[in-house]
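Each of the next two complexes has subunit A plus one more chain, namely subunit B in the first and subunit C in the second.
Up next is the complex of A and B:
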């Protein structure tokens, strides 16, 4: 039945979610899954381990199955990297398969991020003539597009073939304008399409939990825009054309605010930010003479995680706890990857610690 | 002269209807209440089997509603 639903939804974008939404089942299961996410205390312990110890630790944790499965093909840091990716894909597709109706629809919309990520990866791979193996390594098939479909696309030789392979998907209208040179433009459009789709999904219902989800999502957009703004300002770019990179629909930072902020110098930008609510989060790490943006970025990401957790307590039986879990899972995978890659590149513990979002 | 037939309701019958309603409606109510708890318990159990005991207890808590209904039905009849 679910397969049929998925098949139906895959073929047309506007298809209404079918079936009864099983919020109680999904949220309870997701909460049980969340209890398996590594606790904060693990990271300092991991920092004190060597690569082999970390590999062993991960191999004995939730990632055991993935590590065992991939141990034949990869080893060392690569093995962990692939196991993490595989686990992420398996977990998220599991969320899709245990949910029904409305929940399934919303999770699917959120997971389109990975579909878009994969399409980008393949196109980038073709753009710089990467080998098939390299492209396949970078795929995370956590969305609605299956790994088989994506790996099939990756084996195509030119980008035209890739795009015609995606003819039946909703991404085609954007992709068909790709002429081999305007990759960044197409990528931006895909991202915007993702957010437009999310907004459309949320606007369908006026219920309170959906409004909360919209708020949560718009806060995510704010955080993304702020990070982009910080990077642009740090690099002294004040080209108004950069407004293209901004995503519409933020909660506290509207497009016209961003338009004003983007024309300021870095010092003025920082002092102007004091008027926005996000200043409280970054006040002690942001200053006009800051050298690195890492602290600000991890602070903002941490803030988003925290607010997701508190949001999920407001409506325990809604889509929000599921999104909270997804955010936490992704963050865990990122942190583990960071530690293992950092250790492999023999970075100092301080640098790795700065980058971690705990 | 037309004869009027008087129909009266049997009190025993009304009692029986009342008792039936008491059990029937509370049964439906506890069913509705247990539906979500039960599916949530199954969901949690799928991830962590040790939650079986807790899940079972929480699932049958709304059973009290139908037990009250049964008590009322017994009192009526």
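Up next is the complex of A and C:
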């Protein structure tokens, strides 16, 4: 992860589009990077390999450098997982470094989820008195905040110091309300802030490519809200305050729809969902007596990723192919981790295949 | 103490008779206690078998769920989410009495939590993590229950063994020896009485 330090990124306040957007250059670079994405035929082959064979395959692929770099610190499946995360972080920070202007701003907005994730990890670490090593192990510096900056934060002794270290960032207005006890509220606010920022970034433009991207992003909000609704309903939480957990800006599920759905019982909620387009995706795994939500969540996520693939070639010199690459890269890392971790945990091939997005 | 080592006196005979009576009533009580403990043991044994089966099933489920969460979300995510939990389960140890055997009674709190009480934000986490946490909460509850029942079984078994040894000692060693001593004293006293009668007759003659 230390190698990430070469990417000098600031910890400044909210980035605004600066300079001329280099779409042509960035998309050309992205196209070259996309050619290195593992083809979908690889996954069935990997499914038939043993853990050692998969480790060797990954060690000889695009991830070789990351595996070699981390081999001193980790071994076995942990080495592969950290190498995958390191590669993801290096790839995404490379995108930030090669892009300029508007395109850089949009990529940065998308990658904020990693910054938020890292801030949450550091705060959680301080909350439960985790060691610095444990916190540093759980960081994936794939956003605008550099690994050096994040590791400095992680070594602070109290959460107050962590928050004052983030004083110059856009996250501070949310973080300043943290009093050491309301961690889940702060986490939820940070996540909402991410979606709100992304929504704001893509909804202003009138260009067709941006509209397409906005549609995809809003579908992501729908999927997130739907999963949150399922989780709340399954846990029998019908507290009206739970509306605060819902993200505004969904494509098919508006806040007023969600407000209605949240007040229903689980059985009614399921039958009401039949009126929404997402029902076709989950109809065979969602029922009032369902025990697990795992299949619902994986179906919805798959649906979102597959819909992104359908329009990735529509506007070749726009944000769309860049986001498509980012999704594909993240998906590749997730799939490889899923296969190797699944095999290490002796999960059946059916379970692994059900979760794979190919 | 051998039967021949006792003093053949009337007071000793009375003392031994008292001891025999006490030993016999003790033997009867201990036998009842042993039988009662065995009954309790078999009752709890069935419960223990069920709890053990449930524990094995809960462990398997928890391993599966954490395996899926680690595979789909990544161990880094699971680890980071686990940091958010500070309210650890509390266990209170009390004791209760089963026929004189002190067995533990384990009361637990804050094991099972709702998703909004686990400390992590709901928007940024997934149902994979929820289900892994649920499965582990179930497992911890089952472990606490199994610990209570299996410790009770162990203590009951120890006590049954101890009681059985006592019953056997009273039945085959203490009471027969006392009875032997009593017979010896009685015979000795009769003999002494005959000797006395004979002596008196000789003096008269």
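Here, the second predicted complex is superposed on the first by the 340 of 358 C-alpha atoms of A that agree within 3 Å, B and C clash if a C-alpha of one lies under 4 Å from a C-alpha of the other, contacts with A are read in each partner's own complex, and residues count from 1 in each chain.
As a working rule, a residue touches a chain if its C-beta (ideal position, glycine included) is under 8 Å from a C-beta of that chain, and two chains touch if they have at least 3 such contacts.
Predicted model only: the values in this text are computed from it and were never measured.
Enquirer: Regarding the shared-chain residue A:309, is it in contact with subunit B (first), subunit C (second), both, or neither?
Expert: Touch partners of A:309: none, neither subunit B nor subunit C.
Enquirer: Touching A:264, do we find subunit B (first), subunit C (second), both, or neither?
Expert: neither
Enquirer: Please indicate which partner A:35 is in contact with in the superposed arrangement: first for subunit B, second for subunit C, both, or neither.
Expert: So A:35 only meets subunit B here.
Enquirer: Counting only touches as set out at the top, which of subunit B and subunit C does A:51 meet: first, second, both, neither?
Expert: In the superposition, A:51 touches no partner, neither subunit B nor subunit C.
Enquirer: May I ask you to decide whether A:27 touches subunit B, subunit C, both, or neither, giving the answer as first, second, both or neither?
Expert: In the superposition, A:27 contacts subunit B only.
Enquirer: Is A:231 in contact with subunit B, with subunit C, with both, or with neither (first, second, both, neither)?
Expert: second
Enquirer: Under the stated touch criterion, which partner chain does A:290 make contact with: subunit B (first), subunit C (second), both, or neither?
Expert: Touch status of A:290: no partner.
Enquirer: For A:251, select first, second, both or neither according to whether it touches subunit B, subunit C, the two together, or no partner.
Expert: neither
Enquirer: For subunit A, what residues appear in both contact lists, the one with subunit B and the one with subunit C?
Expert: none
Enquirer: Where on subunit A is subunit B touching in the complex?
Expert: 22, 24-33, 35-36, 98, 317
Enquirer: Can you check the complex and tell me which residues of subunit A touch subunit C?
Expert: Those in contact with subunit C are residues 78, 81, 85, 116-117, 120-121, 124-125, 127-128, 130, 134-135, 137-138, 140, 183-188, 190-192, 224, 227-228, 230-232, 234-235, 237, 239, 242, 245, 247, 292-294, 296-298, 334, 337-339, 341-342, 345-347, 351-352, 355.
Enquirer: For the complex, which residues does subunit C have touching subunit A?
Expert: For this pair, the touching residues of subunit C are 63-64, 66-68, 70-72, 74-76, 79-81, 83-86, 114-116, 118-124, 126-128, 130-131.
Enquirer: Enumerate the contact residues on subunit B facing subunit A in the complex.
Expert: Answer in residue numbers: 35-37, 39-44, 46-48, 51.
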